[in-house]
Amino acid sequence: MNFASDNAGPVHPRVISAIIDANEGHVPAYGTDRWTEEAVARIREIFEAPDAAVHLVATGTAANSLALAALARPWDAVFCTEMAHIHEDECNAPEAFTGGAKLLGLPAPQAKLTPEVLRPAMARLGSVHGPQVGPVSITQATEKGTVHSLDEIRALTAVAREFGARVHMDGARFANALVALDCTPAEMTWKAGVDALSFGGTKNGLMGVEAVILFDPAQSWEMELRRKRAAHLFSKGRYLGAQMAAYLTDGLWLEMARSANSALALLVEGLRSLGVTPEWEPDANLVFVRLPRAMHQRLRDAGATYHLWDGPLEEGDPDEPLLCRLVCDWSLGTGAVDRFLAVAAGQPVPAAVPPC
Amino acid sequence: MNFASDNAGPVHPRVISAIIDANEGHVPAYGTDRWTEEAVARIREIFEAPDAAVHLVATGTAANSLALAALARPWDAVFCTEMAHIHEDECNAPEAFTGGAKLLGLPAPQAKLTPEVLRPAMARLGSVHGPQVGPVSITQATEKGTVHSLDEIRALTAVAREFGARVHMDGARFANALVALDCTPAEMTWKAGVDALSFGGTKNGLMGVEAVILFDPAQSWEMELRRKRAAHLFSKGRYLGAQMAAYLTDGLWLEMARSANSALALLVEGLRSLGVTPEWEPDANLVFVRLPRAMHQRLRDAGATYHLWDGPLEEGDPDEPLLCRLVCDWSLGTGAVDRFLAVAAGQPVPAAVPPC
Amino acid sequence: MNFASDNAGPVHPRVISAIIDANEGHVPAYGTDRWTEEAVARIREIFEAPDAAVHLVATGTAANSLALAALARPWDAVFCTEMAHIHEDECNAPEAFTGGAKLLGLPAPQAKLTPEVLRPAMARLGSVHGPQVGPVSITQATEKGTVHSLDEIRALTAVAREFGARVHMDGARFANALVALDCTPAEMTWKAGVDALSFGGTKNGLMGVEAVILFDPAQSWEMELRRKRAAHLFSKGRYLGAQMAAYLTDGLWLEMARSANSALALLVEGLRSLGVTPEWEPDANLVFVRLPRAMHQRLRDAGATYHLWDGPLEEGDPDEPLLCRLVCDWSLGTGAVDRFLAVAAGQPVPAAVPPC
Amino acid sequence: MNFASDNAGPVHPRVISAIIDANEGHVPAYGTDRWTEEAVARIREIFEAPDAAVHLVATGTAANSLALAALARPWDAVFCTEMAHIHEDECNAPEAFTGGAKLLGLPAPQAKLTPEVLRPAMARLGSVHGPQVGPVSITQATEKGTVHSLDEIRALTAVAREFGARVHMDGARFANALVALDCTPAEMTWKAGVDALSFGGTKNGLMGVEAVILFDPAQSWEMELRRKRAAHLFSKGRYLGAQMAAYLTDGLWLEMARSANSALALLVEGLRSLGVTPEWEPDANLVFVRLPRAMHQRLRDAGATYHLWDGPLEEGDPDEPLLCRLVCDWSLGTGAVDRFLAVAAGQPVPAAVPPC
C-alpha cells in the first residue's frame, strides 16, 4: 500500500530479463554496444525522428540538467513554473550544469505555464544588465499530476518562438502523459514545438535510465561531451541500453503507464465518492488531496505510505484537512487502491491482497 | 580474447542475483533502503572506519570528481601525475565538479608521483596570484598497471601533510592493488594518510557502482548535497546498494581481483618468454607492451581486442614495435590468455577455448 | 537636467585631487600600497569594526557577487526581493560567482523583504532534493528608493538567524540610506545583524570603487583569493585606495549623500504639489512616479534625461500616466530640480541655471 | 630605483589630464559615452580592423579570462607555456571564466611555445574521454621578456589552424613587443593568425585599462554579456574610455613602451659588461638574471626594489648566483638604471638622480 512515489516500486521483470540477457561476455564500452544502439534506434523510430540525438543517462536530474545545459547559456533565464522539479527538487543541478543560468519559477495555477504568464516574463528581459531570454521548460505530466493538452503545449512553444527561445520538456512521467492524451510521442513533442526532451524511464519501471533527446541533432557531439564531463557516461553502457530497449519493446512502457494511470483513476474515483476533491486535476498517475487528520492516522496505522505535505500528523483537530500526495506506480495494482480506499472509508480492509 | 578494458566484461552472476533479490515490492528511495545501508555498513567494517562517510555513485568519474570537489576549492591546484585518469580521461569533469580547480599533471616515471617531484611543485605555490595548494591525488593501482607500496603511499601523504594538504586515492582498481599488496584496506588508505577514496567496483565485476569514502565524516552532508547537485543521487538506490553489498560478501571482490591479476601475471610471463618487456612494472591487472606490428596483425586477425597506442597498424615495418595496453578483467580466465599467447607466438591456437 | 542614474554624474573634485596626489613615483602593487591601507583603516574606524575584512573592488556587481559567494554555497538559495539588483540587473553574476546558487526573488511591496514573506520561504527548504537555506540579501537603500528602518533590518536578520543563515546588505546607496536614517554605519550593519556589506562609492561620487566588508574576518584570505580569481584584484591598487580614502575624509561621503537626498526631497515635494504621488516611499535619492505622457514629452523636449519604464512615449493618450524613475546624484543640485519642476508644471524655466 | 614591475609606476600625466577632462557633467553610463566610443574607434583604426569587437576592462586577468572564455568551451584544453601568466599567476581565473577548461602548460625554453611541442600536444586529444582541442594562447611579449618574431607567431597559429583551433594573444606588454619588432599591430595579430587579443594598457602607463579585442565580431554581444556577468562592465565607463583614448593619441603608448624598452636595453648592456648574462633573451622591458648574493645585498641596501626568485638573500655564499627579475616601466628613466648599475658594480652612485 505504497503511494510514496513511482520510484519506490520495482523494476519490471521483462527489464530484469533484458539485463540478464545482456550480461554475456565482453562487449564494447561507453555506449558503443548493440543494446544501446538498439535503444537509440527504437527511440528514433517511436518519435518519428530518425536524426534525433539520443543520449542515455541514469537519473532524471541528469537528463533535465544536461538538456537545459544544451539550451541555456550561463547568462540566460530558464522559464518554468514555481513548482517545477528543476526549480524545486534538483538541489541547483540545473544551475550547476548550465554554468549558472537563472531559473525563474513562474506562477502556474494548474502547475502549467500559461501564455499569459510566460509572455510578459520573457518580454521584460533583454538589456545587458539582466539575465537574457533562455529556454522554456515544461513538465509533462506536471509535478502536480496534471497534463498539458497538445493545444496548451503548442501555445507555450509559440510564445517561446516569439522570443527566439527553445523549449525543453521534462518528461519524467512522459509515458503517463502520453497514454492520458492518447497521442503519439511526436505529436506531444517536436510536432508541438518541443526541442529537447528528458524522456523518463525510471519512474515507469526501469532501474535507472532516462534519455536526453535533442530533436535537432546539431548539438549531438556537444551533448556527448557534456554527458562525459558530468560523469554520466557509463562504461558498461549495455545495461542501460538493454533496459531502455526492453522498455520500448512490445509497448511495455505504455502498458506500465496505463497500469499506473488506471490505479490512480480508481483511487481518485474512490476518494471523490468519499467527498475528497483533488487539488489539481489528476490526469496521470498522481494526485494531491486534503484528507482529514483522522483519516491520515487510520491510513498510516494500516500501513499506507505516502508523503504528507502538511503537519503535524500526530496532534491537532481530527477533522483538519492535511495535504498529501498519492502516487501510483506501474506495479501498484488495484488491490492496493481498494485497500487504501477501504481504510480511508473506515471499512473492513480486503484481506486477500498482500500489501506491497 | 578481449583485453580492451576491465569495463568490457560482464557482471558477476552473484551480483546479478543480488539485483534480482532486491527487486521485490516497494522500498524507500534515494539511498534510504536497506541494501544501501548494508553496503555502507560493510564498507565501514572492511575499512575499519566506523564513522566514514560513504556515498554510492555509478561511475568512476563521478566518484573521483565528487571526492576531489570535497577536497579542493575552486582556486586550488590538484597534484597528480601527467597520466592520471582525472587529468587525461575525464573530459574536465574534475574541473567542473570543483568549480574550476587546476589539475597539475606531474612527471611520473612509474606512473607514480614521487616526493622528489611533488614537494617542489607544492612548495612553489602560495601567493595570491597563483593557484593555491590543494589536494594530492594518487591512483592505486595506477593507469599504467603499477602499484604503490605502502611506503610509497606514506611518503606521498607525508609530503602532502607538510603543506597542510589532503590526499585523494583514485581506487578504480582498488581491489587489484589490494590483492597485489596483500594488505588491508585500512592499511592502504587512512592508515597510510589517505583522506578520501574513490572505491571502485565497476571495473571489477559490478554493473556500475563506486563509493566515495571520506574517512573524516565532517563533510558527509555536504557530499550528500554535492552528489544530488551532480545528478548522481539515484532514486532507486536499492540496485546500487545490492550490487555493492554482494560485492563485499564472502570476499567476492577480492576473488574477482585475484582472478584478473592472475590472468595478467600469466600473460606477462608468457610475453616475457617471447622477449617482450613491459613498459611499466605490471603489478595488477593491466600491462603496456610494445609488440611488433606483425604480431599485432596476427592477434587482430585471430580476434584479439585491445587498445593500440601507436599506429597505424595497417602499414609499415612488420618488425616495428607498437605500444598497446592489455587488460584482464575478472571474467577473462586463463584460456583467453593462453590463446593470446599462442597467437602471439605464432603457434597453433588452443581450440577448445571459446573466444570471449 | 540628468536624472538617469547616480552613475551618470561626475567624480567629486576632491576625489580627483586624491588620485593626482597618489600618482607619484613607484609604489607596491596589488593593494599593498599606503592609500589602500588608509582606506581600509578608515572603513574599519567608521564601522567600529577593527577586525573587519575589507577588500576594494571597482564595481557594485563585483562587490555583491563576491560577498554573496562568501556567504552562499553552490547548492544554496539566496533570499532577496523580486526587484533586487542582484536578481534583476547583474546578468547572473551572483550565480556565476557563487558557482550556481539559486536566487529566490520574493514579493516585497515596499521593495523590502518582510519577515512574513521571508520566514516561510526559508522554512520550506532543507531536504537534500531542493536548494539549501543560504544567505538573505537586503538592499539598503532599496532599488525603489525606500529605506529599511533599523527595526526592519533587525527583524529580517532575526529571521535569518532562526535558520542559521547569514545576511548580506547591498549598500550601493549605503550613504544615502545612512543619512536618511541618521544613524551610525555600525548601527545599520553589524549591530543590526548584517554579516557582509557591499559598501558603495561609485554611485556617490567615486570613479569606480566599492568595498566588500566581512564583519567576521574569518574569510578574509578566502576573499583575497576570490577577488583575484574573479579578476578584480587591481595591480595599481593605489588609485582605488586613494579614492576611497578621500571619500571617507572629512565626511565627504555623507556630504555628497545629503546633497543627493536633498535634491530628491525637493523634487518629490514639487511633484506632490503637482499632484504626483510616488509609487514607493522615497527615503533616499531616487523616486518612481507616474507622469502623464504629455508631461514626459515636455520634459524630454526640454532636455530632461531619465528612464521611462512604460511606453511608448511617442504615441497614446496625453493624459495616460507612464512610470519613470528619477535619480538625483551628489552633483545634480537644486537648480536642475527647479528646472525639471518648472518644465513639468508647464511654467517658464529658470534661465540662469546651465543644464547639466 | 624600482624594478619590481611595470605596475609599480605611475600613470602618465597626459592620461591623468584626459581623466580630468572627462570629469564634466552627466554622461551616459556603461560604456555608451563618447570617450569609450573614441577609444574603440582608435583601436579599430590602429589595428586596421574596422569590425573588431572591442571591450574595455580594468585588469589584465579580466581581459585574458574573458578572451579565453570566448574561445574555449568548458571541456576544452587551452594550450600555453608552463610559465604563462594565465596558468601561473591568475589564481585559476581562466578556469573560472571558461567554466572549467583545462590549461595545459607546455615546455617552452625561450618562454615561447614551439610547433614541435604544440603539435603533438594537440594531436593526442580528441576522444570523448579527454579534454577537447581548444585555443592556443601566446604571450607577447612573454613573461620572461622574450618576443615572438612574426614568423614564430605565424608558425604557431598555423599549427592551431591544423586542428581547427583559434589563437589568443596575451598582450599585457603588447606595446613593448610591438616597438621591439617595429611592425604594425595588425601584422602582430590578425594578419599573423591571432583571433583574440588582450590589449594591455595598465603595465604601460594607464591606471587600469585593457581591451579585449575579437577580430571576428561574431561574439561581440556575447562578450558584452560575459563582461557584465563577470562584473567588469563599469558604470562610469567614461574614465576607462578617456584613458585608452589618450593612450592611443599621438603615439603616447609607443613612446612609453620605447622608454621602457630603452631603459631595459641599457640595463642589460650594463649587466653584460659586468659579466651577467640574461637567462632568457631580453627583447622588451624585463630581464631575468642571476646576480651574486653579495651584489643583491648591495642593491637592496642602496634601495633597489625587485623580485628575487631564489633565496634566502640573508645568508649563504656571497658569490652564489641568485635569480631575479628586473622590469623597467615607462617612467623609470635611465637615471635609475645608471644608479642600479653603479651599485651593482660597486662604484660610486650618481648623486644627482633622485630615487624613484
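Just so it is clear, A, B, C and D label the chains in written order, and each chain counts residues from 1 on its own.
Operating definition for what follows: a residue touches a chain if its C-beta (ideal position, glycine included) is under 8 Å from a C-beta of that chain, and two chains touch if they have at least 3 such contacts.
Note that this is a predicted model, so its numbers are computed, not measured.
The chains that touch subunit C as well as subunit D are A, B.
Distance from subunit A peaks, on a Cα-centroid basis, for D.
Subunit A and subunit C have centres, each the mean of its CA atoms, that are 42 Å apart.
Separating the centre of subunit A from that of subunit D, both taken as means of CA atoms, is a distance of 52 Å.
One simple way to say how far apart two chains are is to compare their mean CA positions; for subunit A and subunit B this gives 34 Å. Of all residues in subunit B, those touching 2 or more other chains are 30, 74-75, 90-92, 96, 99-100, 128-129, 132, 225, 228-229, 233, listed in ascending order.
With chains as nodes and touching pairs as edges, the resulting graph is complete, every pair of chains being joined.
For subunit D in complex with subunit A, the touching residues are 30, 73-75, 99-100, 128-129, 132, 224-226, 228-229, 233. Of all residues in subunit D, only 74-76, 87-92, 95-96, 98-103, 128-132 touch subunit B in the complex they form. Of all residues in subunit C, those touching subunit D in their complex are 2, 4-5, 7-11, 13, 16, 19-20, 23-30, 57-62, 65, 90-93, 96-97, 202-203, 207-208, 225, 228-236, 239, 305, 329, 331, 356.
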